[in-house]
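Below is one structure. I have some questions about it.
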């Protein structure tokens, strides 16, 4: 899973039928403290936990993205499956 | 999922039988605004949403690429599963 | 599988129901000797072997992360499935 | 899928029993015009379409590599599933 | 699949129960001639073909790593599924 912040939404009317009702969110990968990386790369993920713009989330990739009740058998490879409250880092 | 623009087609006569009737499209990854990256890397994906050259699309990878009705059980690892109308970016 | 050291925990209250009871651990990839890489990149993985902060572990990715009894059918793509006691390197 | 050119063969006598009869081909990734990349990285893939040295092919990765009749349930993660006749690039 | 050389072993007593009896080998990726890459990155894979230190092998990744009789349903994402005898490279 990667850390990301939700920064926008993706609108797509012409899409696979299994995506009907799904919310496609634009996310930006962050470090463990929620800070953006400099490269500004984006990730598109389906929301499974009622996440919204500004939320600090976890994105799961691959076949695991289809393991939520709202994404089962859907042709998507990334899902937001948790909203992060806190990251407790014990530096070594 | 990644953002991409459809830029061409791939013609292959000798192929796995499950690919018969599939349209192989040449795509170029873009940023969230639909702008090409400079490295000119290409992605080959099967079309599942009647996409055409010039369309701004989403590509899904891995086993999820087989989750559309036209790609089920096919030996392909990338599918175009949505045509993008708009990306609403709320900068942070 | 990659080598990693557990360096913290991730707290998420709003999450997919299959994650209830799972422990999300923050990990840092290491080399075969357990030394951190310089880039400070983090990995988030679910614990399946009662690992704790400071442990030197193996993380498995993708659908294989769902193959432990505690992660089956869960929307997670990384699992700690072993705690490393020793790495015997026979240099060539 | 990636573009590649078949450049050799891999001989392995001691292998998983499901690989018996499979042809392991050495491939080099190319761009959409079939030109080699400079880094000389190699890809090993199982042939599913009677490809030979010199052919310009498509390689599919991951679980999709097991979706051809000759690779079903085999422990391989890359398959040649099409021989390319032409790539029609409509520059933007 | 990638080319690798077996360079050591990984000892882990506390591990998922499906890993009991599995041999975890430390591998180093090589080029097609069996030469190490300079970056010294390591790969950990389960052995399915009685490979040993010094052997030149093929590693398969992802769900395909679970397709051997000794790794079925195991939470591992990399398996050694062939020992290479020869790589015949026909330069272009």
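Lettered A, B, C, D and E in written order, each chain numbered from 1.
The working rule: a residue touches a chain if its C-beta (ideal position, glycine included) is under 8 Å from a C-beta of that chain, and two chains touch if they have at least 3 such contacts.
Quick caveat: nothing in here was measured; it's all calculated off a predicted structure.
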item: Rounded Å distance between chain B and chain C, as computed from the means of their C-alpha atoms; value: 32
item: Centroid spacing, where centroids are CA-atom means, of chain A and chain B in whole angstrom; value: 20
item: Contacts with 2+ other chains: residues of chain D; value: 62-63, 65-66
item: Pairwise touch network: line, ring, star, complete, or other; value: ring
item: Going round from chain B, first to chain D: chain order; value: B, D, E, C, A
item: Footprint of chain E on chain D - complex, ascending; value: 5, 7-19, 24, 26, 36, 40, 42, 44-45, 53-54, 62-63, 65-66, 73-78
item: Footprint of chain A on chain B - complex, ascending; value: 1-3, 31-32, 48-50, 58, 60-69, 71, 79, 81-92
